[in-house]
Amino acid sequence: MILSSNNISSHSKTDLHVLWSLQVFAVVAGSLLVLVIGFILRESWPALSRLGLTRLFTDPGWFPTEHSYQLTPIIGGTMLAACGSILLAAPLGILSALFCHFYAPPLLGKWYRHMIELLAGIPSVVFGFWGLVVLVPLVASWHPPGPSLLAGILILTLMILPTIMLITHSSIAQVPSAYIHSATALGLSRWAVIWHIVLPVSRIGMLTGVFLGLARALGETMAILMVCGNVVQLPSHLFDPIRTLTANIALEMAYALGHHRSVLFMSGLVLMGLVLCFVSVAEALRHKANHAIAK
Amino acid sequence: MLSPSNTIGETGATLMVWTAVTLIATPFLWLSGDLLWYGWHQLSINFVVSVPQNAGREGGIGPILVSTGLIMTVCMAVAMPIGLGTALFLSEYTQNDQVSGRLIRGSLDVLAGVPSIVFGLFGNAFFCQLLGLGFSILSGGLTLACMVLPILIRTVEESFRAIAQDQRLSAAALGISQRATIQHILLPAAIPGVLVGCILGLGRAMAETAALIFTSGYVDRMPTSLMDSGRALSIHIYDLAMNVAGGNSNAYTTALVLIGLLLIINLSASWITKKWTTLNQLPS
Amino acid sequence: PPAEADSGKLVITGSSTMAPLLLEIGKRFEATHPDIRIDVQAGGSSRGIADTIRGLADIGMASRTLTPEENHLHGTVVAHDGIGIILHVSNPLQELTNKQIRSIYSGETTNWQQVGGRDGPITVVNKAQGRSTLELFLQYFKLSNRDIHAHVVIGDNEQGIKTIAGNPNAIGYVSIGTAQYDASHGLPIRLLPLQQIPASLDTVRTGVFPLSRPLTLVTKSSPKGLTKSFIEFAQSSKVHDLILQQYFIPF
Amino acid sequence: MDDTQSTSELRPTQEKAPGFQSWRPYQSAQQCCEPSTHFQAENLSIVYRKHLALQNVNLEINKGCITALVGPSGCGKTSFLMSINRLTDLILGCQVSGRLLINETDIMAPFTDLLHLRRQVGMIFQKPTVFPFSIRKNLEIPLREHGMCDHATLASSIETSLQQVGLWDEVKDRLNQPAQGLSGGQQQRLCLARAMVLSPEILLLDEPCSALDPISSGIVEDLIVSLRGRYTVIIVTHNLAQARRIADYVALFWAVDGIGQLIEHGPAHTIFQSPQHELTSAYISGTRG
Amino acid sequence: MDDTQSTSELRPTQEKAPGFQSWRPYQSAQQCCEPSTHFQAENLSIVYRKHLALQNVNLEINKGCITALVGPSGCGKTSFLMSINRLTDLILGCQVSGRLLINETDIMAPFTDLLHLRRQVGMIFQKPTVFPFSIRKNLEIPLREHGMCDHATLASSIETSLQQVGLWDEVKDRLNQPAQGLSGGQQQRLCLARAMVLSPEILLLDEPCSALDPISSGIVEDLIVSLRGRYTVIIVTHNLAQARRIADYVALFWAVDGIGQLIEHGPAHTIFQSPQHELTSAYISGTRG
């Protein structure tokens, strides 16, 4: 579905100008990551060169004032919260996108979508605030202490669901209606049309949505800071408090100095490493999906 | 609507879908009910225009709204052209297996995953300190622009790719230049996608706290230039909720205003999309 | 950038406890000095001190006394604040000894029954490492970071208060002014007396409350010019009403 | 809707009187046709939002016969076909009124089993619409959905149906390749195979040959002819020669003032040799449109 | 590419000798045709990734004449057309080799002005591809792009071109409505009007009538015939009767072992009355495909 660059359809001046300016934009956008990584590396360099990576995993615990920087439980907490929330949010998001297209009466579908768009816009501070005041006490009354992995997962689910739902929704909208018409004409039921035609055709869009959701879950800061308890430990069950990488940065960056600050930047780097892993997995999946669709 | 049938699987699917919808709608309604309940009675024109007093416990959010508007304007003014340009470049000039396309796309994917707080740190180090912009609306807007760029590009690119190749072929067959194809065929057809991208981006930017704390700052005075420090709505909410005893009710009201703004943006965007569709396309 | 006499910008960074107060003082100062802008940025006490040392800020805010290593800086106290232990209002306990608090925070005591309360697991709310409130608390109770077994770690005061308000079995410590304000405005929290001295602004003002701290403005050297006139303004009685409004004790 | 006047001028008023010969199925058609009515439209009107696309169509179609719908572009032929398997339900703002009977059952009734209806009534569209999967998958999806899961049966069904449309030899080596890589003609034949695989009772073909070359078209034509007696076929075609070759009955649609109407309906030879309506003879001789 | 052997068996070896009569433009055609060569393909081959779609085509097309390309589905007719205005450039993995000359200029040369080429060479596709805008906008876009900005001229150009394709009366009241709301036939005629609006020298028509009813088809046919002498028209058609009616020259393509080739080329009456190649006679009589 693309025009290849060596076959630009004209050599006219304006077209070349267009291409050049687009290239400039693309280079700017593409080099942003290098810039970000560069700066974060620069800031974390003192810790990297003096402490080394291994200390992040071998130190006795996270006691920055005593120069002991153990990141393992924090990384574990981050992963648990993000994966837990994606497990909840992905099916919910996809199902609600399907709801809008195939199940809801047109008006309800529209309003539901508006609701989700609104949900996407609710600031994480508000989620955190509400989570702290309403959700955490609720969890606490079920099983103390309240601020916990579970509360984090629930709040994160609410926050990343709109991303997944909206992207899935628009990729479903792009499924040509001719496919749906001919599938229907073949006597396929609603769910069969969804299962055999709509989902496979819009699979790539959905994967993108899930991936973006995951990335957002990994990077979410304010809400998670307020509801997760921020205790540095590997949780043994859903009701244990955890601390995530982002909460760690937000909590301590404001006053961190020297190595402590450097280690926090480094944990930002670790976070980006995690994201990179997910990107490659998502890329591989997307590749696979491309092939599977053909088969 | 498609035709349902009476089989068990079909009923199961329907049940599943409705359950999911209820599960999502409940907390949402609860949350917005709470916000309305605690924030509504304070909401007035006066609240929206007046200056915050007593650390925000009293007074309104006038200067904060202005700062937020300026930050968003800077953010979108920078992100839109770069985003649109890059999306066009990616969808029209690169192939999936081409190195340049893959590099840019890959780096954007990673960028999309960079946590906002890291953007805040980067913005603080780069814009505030290296470029010497200090704590300012400009730094905040630029930082947010970096943050929303990946989402914007991804969504816009998808909507360009969704345009049938037939359209490009027939435009090319008419001797229409690449520029004109982009201007007259691709851009109009992709408008809804571009709008969705902007909504997602603007929504994320508006809701952002972590990236702004270290860049646009904490000052709740009326800004006089882009170089002034300005407090965004979300930071105001955060400060009222976390740092100011008795700030709750103003925090609720501010949240209500923020959400109202997002609602207006969403509604106008979907209104434009609808207008566009009825103007240019067969009602689907 | 060092500030000049009658016009210019003053950058103040540091303690988030002090930020709302300085914001208000700054506004009042601006009202009388129309050409001057006061930019207040919240962070933390250590950040304020670091920024002052690096010259990023004209004035740093620190909600603690300066440590011996920081003695080369110039500090001016503008107000006082106390730190009080808070419980949920439904918790029937009326008093805890320092030893009991220590054993609760070090994880030896895990149920309220063990200190004479009702049956219920204790939720220990602690401040994040590096916060000046935590340092003061540790210092007073002779605890170290490693000893503490917290269930919830919080950043700012209000987060702690909201956490405790939502959990009947929680215990925490926050700025007394904030707690008093919230308690009087219907939040279900209660301040505990410390060594039989009730935790209130009055006992802090009279200096009998054992756990209090000075709110300090820090400069690199002794203040000059605009910095000087601002600090003097912040110490003067012209801002006492503002300090009281923020529930601190004027100097 | 206020056009009934002009409509009734165009053709004899029709009171649904069963004995009214010229509007009944014609028993005089070719012998393979059974004389019983399979499908019947009564007062069918189709509205797209505010645009009346088809008005007051009354038409009976005989079991096992091939009925060709002809008429100029935009006169509502496609809309008529889509109402027969209620695909019009999927089009937002499209409203169908009147009665549609298949085997005496009103398919417009609220609790009609649409899946059953659509299995009963297969359809091919004007533009080929293969699914963006492999050729095999295109055929497997309907088969599996209708309960055929056995691998051997599946394979043989696929082969048979592809052979029926003359596609087997061309694609047998690339069954697992994307169907979209086929040429337009091949795609349309695949769509035909996909509809045939369900052995429907009624087959709706919306210009199935317009994208085919004469040879494939011939294959398809032969196939359609071979269905006579077993299936009821309703075919829209622009190719009058084709209609003449294969149809037992011909129905002429026409857009009068933008509103589609049924002008004439009868056995093919009657329509072609002695059309009763002047529009029909004009259309057939190519002087009007 | 290793198929040259079998190719040369199919037709007399062609050494580009200008005097070799049977492969030159036929000066014996109808009188309106000028005898000069307008377009010439030399050794044209088209490859889609690894699939050879068209091999070694040598074809000259006379100025002002109507040349019909016929042949079974998948033999590379569309690919051939797309190479003439270098639309093949836009297809991923498609490689064209050989020489293509328009007015003696090689359009395969690296610095060819493609916009100019495509203004010179208009094209209509098999499937109607209207832009998803209003009818008016569909026509305005190319006009404005080619420098016509005056409102009155625009309006009159639009009216003229719509009248040329017999669409004016049908759409004059809804010029501002979406073009996608038109029926298939109307859409195709709009595409035709859109290409005509630029007054190209060469017109490539890929089965322009396959989506049209006979009447619209007749209008279009008449239009094409009226272009004779002014435009060079290359039309792909499956409808042999149409080719017979309108074409001055006919070129037959065939897929031998899946590789498209030019089998025979000559004046229409020669091809239809005394075809030289057995495949041609078989195709024309309908016995092979």
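Order of writing sets the labels: A, B, C, D and E. Residues in every chain begin at 1.
Definition applied: a residue touches a chain if its C-beta (ideal position, glycine included) is under 8 Å from a C-beta of that chain, and two chains touch if they have at least 3 such contacts.
Computed from a predicted structure; not experimentally measured.
Novice: Could you tell me which chains make contact with chain A and chain C both?
Specialist: Touches both chain A and chain C: B.
Novice: In how few steps can one go from chain C to chain D if every step must land on a touching chain?
Specialist: Between chain C and chain D, the shortest chain-hopping route counts 2.
Novice: Going by the touch criterion at the top, tell me which pair is linked by more C-beta contacts: A-D or A-B.
Specialist: By number of C-beta pairs in contact, A-B is the larger.
Novice: Taking each chain's centre as the mean of its Cα atoms, which chain lies farthest from chain E?
Specialist: So the chain farthest away from chain E turns out to be C.
Novice: Which whole number of Å gives the spacing of the CA centres of chain B and chain C?
Specialist: Taking the mean C-alpha position of each chain, the two centres sit 36 Å apart.
Novice: Report the inter-chain centroid distance for chain C and chain E in whole angstrom, where each centroid is the mean of the CA atoms.
Specialist: 83
Novice: How many angstrom lie between the centres of chain B and chain D, each centre taken as the mean Cα position?
Specialist: Here the centre of chain D sits 49 Å away from the centre of chain B.
Novice: Once you find the CA centre of chain A and the CA centre of chain E, what distance in Å lies between them?
Specialist: About 51 Å, centre to centre.
Novice: Indicate the residues of chain A shared as contacts by at least two other chains.
Specialist: Residues 2-4, 9-10, 12, 133, 177, 180, 184, 189, 226, 250 of chain A each touch two or more of the other chains.
Novice: Enumerate the residues of chain E that touch no fewer than two other chains.
Specialist: Correct list: 90, 92, 114-115, 118, 127.
Novice: Can you tell me which residues of chain B touch two or more of the remaining chains?
Specialist: 1-3, 5, 95, 164-165, 168, 172, 177, 241-242, 284
Novice: Sort out for me which residues of chain D touch chain E in the complex.
Specialist: Residues in contact with chain E: 71-74, 78, 126-127, 170, 183-186, 207, 210-218, 238-241, 283, 286, 288-289.
Novice: Okay, in this complex, where on chain B does chain C touch?
Specialist: Counting only chain B, the residues touching chain C are 54-56, 135, 213, 217-221, 229, 239, 241-247.
Novice: Quick one: in the complex, what on chain B touches chain A?
Specialist: Where chain B meets chain A, its residues are 1-5, 7, 9-10, 13-14, 16-18, 20-21, 23-25, 27-28, 30-32, 34-35, 81-86, 88-96, 98, 100, 103-104, 106-119, 121-122, 125-126, 146, 149, 151, 153-155, 158-159, 161-165, 168, 172, 177-179, 181-182, 193, 196, 199-200, 203-204, 206-210, 214, 233-234, 237-238, 241-242, 251, 255, 258-259, 262-263, 265-267, 270, 284.
Novice: Show me the residue ranges of chain D that touch chain A in the complex, using the header's touch definition.
Specialist: Within the complex, chain D contacts chain A at residues 85, 87, 90, 92, 115-123, 125, 127, 129, 131-134, 137, 141-142, 145-146, 176-178, 191, 194-195, 198.
Novice: In their complex, what parts of chain C are in touch with chain A?
Specialist: Counting only chain C, the residues touching chain A are 16, 42-47, 50, 120-121, 123, 128-131, 145-146, 150-155, 159, 162-163, 166-167, 169-170.
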